[in-house]
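Here come two complexes built around chain A, the first alongside chain B, the second alongside chain C.
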Partner chain A sequence: MNRKRVGYAFLLALMLVAPAVVYPVLVMKILCFALFACAFNLLIGYTGLLSFGHAIFLGTAGYVAGHSIKVWGFPPELGLIFAALAAAALGWVIGSLAIRRSGIYFAMITLALAQMMYFFFLQAPFTGGEDGLQDVPRGKLLGVVDLADDYNLYYFVLAIFVFAFWLIHRTIHSPFGQVLKAIRENEARAISLGYDVAKYKLLAFVLSAGLAGLAGATKTLVFRFATLTDAHWHTSGEVVLMTLLGGMGTVFGPVVGAATIITLQNELADKVGSLVTVIMGAIFVVCVLAFRRGIVGELGALYKRMTGTR
Partner chain B sequence: MSEIFGVPVQALMGQLMLGLVNGSFYAMLSLGLAVIFGMLNIINFAHGALYMMGAMFAWMGLNYFGIGYWWSLLLAPLGVGLVGILIERSMLRWLYKLDHLYGLLLTFGLALIIEGLFRDQYGVSGQPYSIPEELTGAFNLGFMFLPKYRAWVILASLTVCFATWYVIEKTPLGAYLRAATENPQLTQAFGINVPLMVMLTYGFGVALAGFAGVLAAPALQVSPLMGSNLIIVVFAVVVIGGMGSILGSIVTGLGLGIVEGLTKVFYPEASATVVFVIMAIVLLLRPAGLFGREK
Partner chain C sequence: MAEDCILETRNLVKEFKGFIAVNDVSLKVRRGHIHALIGPNGAGKTTVFNLLTKFLAPTRGHIQFNGQDITPERPAQIARRGIVRSFQISAVFPHLTVLENVRIALQRKLGISFHFWRSDKTLNALDGRAMELLAQVGLESFAGMVTVELPYGRKRALEIATTLALEPELMLLDEPTQGMGHEDVGLVKDLIKKVSANRTVLMVEHNMGVVADISDTITVLARGAVLAEGPYAEVSKNPAVVEAYMGTTQA
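Up next, the complex of A and B:
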């Protein structure tokens, strides 16, 4: 237990000094997507629900945060909370429809409903359509700290990430999280034990949507704009890939996956152009065929095997 | 009578026909998805990409080898079917014992690869593909002009759909197929080569998508992106109809095409989303889908 604590403290220390070495905006982007992937992992990894439309929560919260901060003049912290709540509300609507079917149908329904919202955003006047919502001011945190400074913003984003990560960690290890895992393992049995499975699934979905929304709102603050790309199904696919690559159902998997994919995209974007999609697809195929536990899952299995034989 | 609800009959009928054309594509694609799902228990996310591949094959055949529309109608689906068989043999067959979700993820990856490769070669803009000479022009039905090509698309897709239905429901081959869907082990014990049937089923399902792609080439523009937007609508169609029944897939596909066409006339803003709204309503009222059975 103690070793784990030391590990967490070491990682946190690493994150605190990271902006001195790496371009802070890139790290903030990774943190946003890591949070997004962690929220997604709460569903796929711990509840066994594959949502193929999760980008819509990222995108919706991005627009809500952008609009409330830019047009209504909300302070940044209020804008983020408001946007996360809006995403959670949307998650409640989409979730209560989607949990009426399970398995493969669940994935298709979430994808279709997300596409519907995407078309709505494409036509709605407040999103700026194809141009996106631009020039969102970062504002001052609690009226004091100027977030226009990349370093100030970095520590704010890091704080958000750590809080959300802690929340997910707590959820997974709570009795509620145990029930979710029971549903993942054997839904019929969970029902026969008297759990209202639909309620648990919906609650997990709303929580995941809200946290994905928090990631989207933070992303808007970092980049000062919200675009349709964030709500597109390509982004939904990306978060699936991040989680799959890092390791579904592991605590750190989504973080590792997000960091790998974002770094990869960042490196490759100007070298191979549109072939990035092909590479992402190839990673998908390789992961599914040969690598289903993901990076963290495989490392964990390796560690267990080594300590086990010793 | 030249107006219905304040809409000219000509425009109404035109949109209705266009809706039927789109509905034909939905029907062919959801039929292929249903056949594949029945046999392989996999939702083929690459279906849209393979539909695009069919259209691109037709375009490439014409521009590189001078192969005309009618030959493309035969050759492009064969090509797509072969690609499908390769995919099944090399990748999908390793997944049958795993959770169904892995099949979805794998075919999603394949869709990204196929779409990305074509986009890298041909960009995102549409390439024109002209209507074959025999089918240019229109029939004058008195109350409206019916473009010959649209009539052909509807006729061809209905023929193919009903032929598929006939083969699966009324022939010995179809009986083996249904048996293998119901209980693969037992069917294999009777001496039927189930893995071969699985392979051919996947090949046939995606060839159907390729065929739809060739039909679509002159009606729409040929573009690497044409599949990915369509597949999500087809997913909604599949959720609405349920994948249990073959006739159900065909009827749902055509019906939703018509509804979409009518929405374009009466409330164009909602035409992109109407199928999804119907899906939400069906989920509320009949979660298993119109023709589905609750497992």
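Up next, the complex of A and C:
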């Protein structure tokens, strides 16, 4: 238990000094996608629900944050909270409809509803269509800290990530999380023990959507614009890849997966151009065929084997 | 003597697109009894279970529990009323520990199951009760094991412990000894007998040895309808039953 604490403290220290070595905007982008993947993992890894339209929460919150900060003049902290709540509300609507079905039908309903929202954003005047919502000011945090400075913003983003990660960790290790795992393991049995599984699934969906929204809103602040790409189903697919690659149902898997994918995309984009998609596809195939538990899952299993705890 | 009867069905019918799986079943389960539901394959036993626990909605007919009509209720509501079922295939949570399996059942009464901000350490308060329940079914030494690693018979025992955690008035057991070796069957049989004190058990069971030994009343279903009802000694001599069912398995 203590070793875990030391591990977390070490990672946090590493993140605190990271911008001295790595370009802070890249790390911020990784943190945004890591948070997005963690939120997604709460559903697929701990509740057993595959949402195939999760990008819509990322995208919606991005627009809401952008619009509220740029047009309505919200301060950044308020814009983020407002955007996360908007994503949670959308999650409630989409979730209420989708949880009536399970398995592939659930995935298809989330995809269909997400596509409807995507076309709304494509047409709606306030989103700027394919140009995106540009020139969103970063503003001043609580009216004091100037976020236009990348380093200031970095520590703000890191704080958001740590808070959200803690919240997800707590949710997984809470009485509610226990029921979620029970639903994932054996839904019929959970019902027969008297749990209204639909309500638990819906709360998990809303939490996941809200946190995915927080990731999207933060991303808007980092890049100063909200884009249609974030709401596109490609992004929904990408988050599945990140989560599977890192390790579905592990606490750190999505973080590792997101960091790997984003870094690769970043490194490869100038060198191989559109071949990136092919490389991502190949990684996905190798991951599914060779190490199904993902990077963190396989490492965890290896550690268990080496320490001999069966 | 309406109070004597814990569960009653009236003219229960379930049709699947023209096929009548359950036909006009009127069943009375008396409080404190072990009531066995038997019949050849495809007789509709599991369908009756699914109707009673509302995993399926009846096409026609009514279900009364303690004199109240529960026909329109949802499965989770039925469970909260005290009717808890098991399943034909073992119903455990495979990747949780044995202790956690029982705790899931216990924690509902705490009323904190939606509290996602609370640490699961609050659930440790339930460990004592959970261990008692595990001890009742002889699983206390397996508490920390991941359930998927338990042998089959033990999984069924865990399932019973989990069901008992809800202190059900009525336990519905769907083939509790199915697929078990000789020793495990004896174990589970004794267990059912033991836990039936102060509660009612309705079970679907194929093993006639178990049915003969522990059940007070038997209902024989054939082709979705009730063929005979009564104690084992009486039912086993009924010529219609012998022809439809007993004759083939007891010969």
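Just so we're on the same page, the second predicted complex is superposed on the first by the 308 of 310 C-alpha atoms of A that agree within 3 Å, B and C clash if a C-alpha of one lies under 4 Å from a C-alpha of the other, contacts with A are read in each partner's own complex, and residues count from 1 in each chain.
As a convention for this text, contacts are C-beta pairs under 8 Å (C-beta built on N, C-alpha and C of every residue); 3 or more make two chains touch, one makes a residue touch a chain.
The shown structure was predicted, so the numbers you read here are calculated from the model rather than taken from an experiment.
Undergrad: Which partner does A:V240 reach: the first (chain B), the second (chain C), both, or neither?
TA: Once the two structures are laid over each other on A, A:V240 reaches chain B alone.
Undergrad: Thinking of the overlay built on chain A, is A:V288 touched by chain B (first), by chain C (second), by both, or by neither?
TA: Touch status of A:V288: first partner only.
Undergrad: Once chain A of both complexes is superposed, is A:G73 in touch with chain B (first), chain C (second), both, or neither?
TA: In the superposition, A:G73 contacts neither chain B nor chain C.
Undergrad: For A:G7, using the defined touch cut-off, is the partner it touches chain B, chain C, both, or neither? Pick first, second, both or neither.
TA: The answer is neither, since A:G7 touches no partner chain.
Undergrad: Of chain B and chain C, which one touches more residues of chain A?
TA: Partner with more touched residues of chain A: B.
Undergrad: Per the contact definition in the header, classify A:M116: touching chain B only (first), chain C only (second), both, or neither.
TA: Touch partner of A:M116: chain B, not chain C.
Undergrad: Pick one for A:G129: touches chain B only (first), chain C only (second), both, or neither.
TA: In the superposition, A:G129 contacts neither chain B nor chain C.
Undergrad: Should A:G103 be classified as contacting the first partner (chain B), the second (chain C), both, or neither?
TA: In the superposed model, A:G103 contacts chain B only, not chain C.
Undergrad: Should A:N186 be classified as contacting the first partner (chain B), the second (chain C), both, or neither?
TA: A:N186 sits against chain C, while chain B stays out of touch.
Undergrad: Would you mind writing out the residues of chain A in touch with chain C in their complex?
TA: 167, 170-171, 173-179, 181-182, 185-186, 188-197, 199-200, 203, 207
Undergrad: Would you pull the chain B residues touching chain A in the complex into a rising list?
TA: 37, 43, 91, 94-95, 98, 100-102, 104-106, 108-117, 119-120, 228, 232-233, 235-236, 238-239, 269, 272-273, 275-277, 279-280, 283-284, 287-288
Undergrad: Using the touch rule from the top, collect the residues of chain A that touch chain B in their complex.
TA: The contact residues of chain A facing chain B are 50, 52, 97-98, 100-101, 103-105, 107-109, 111-113, 115-116, 119-120, 122-123, 233, 237, 240, 244, 273-278, 280-285, 287-289, 292.
Undergrad: Spell out the residues on chain C that touch chain A in their complex, using ranges where they run on.
TA: Its residues touching chain A are 53, 55, 74-76, 79-80, 84-87, 91-96, 100, 103-105, 107-108, 110, 112-120, 122-123, 162, 166.
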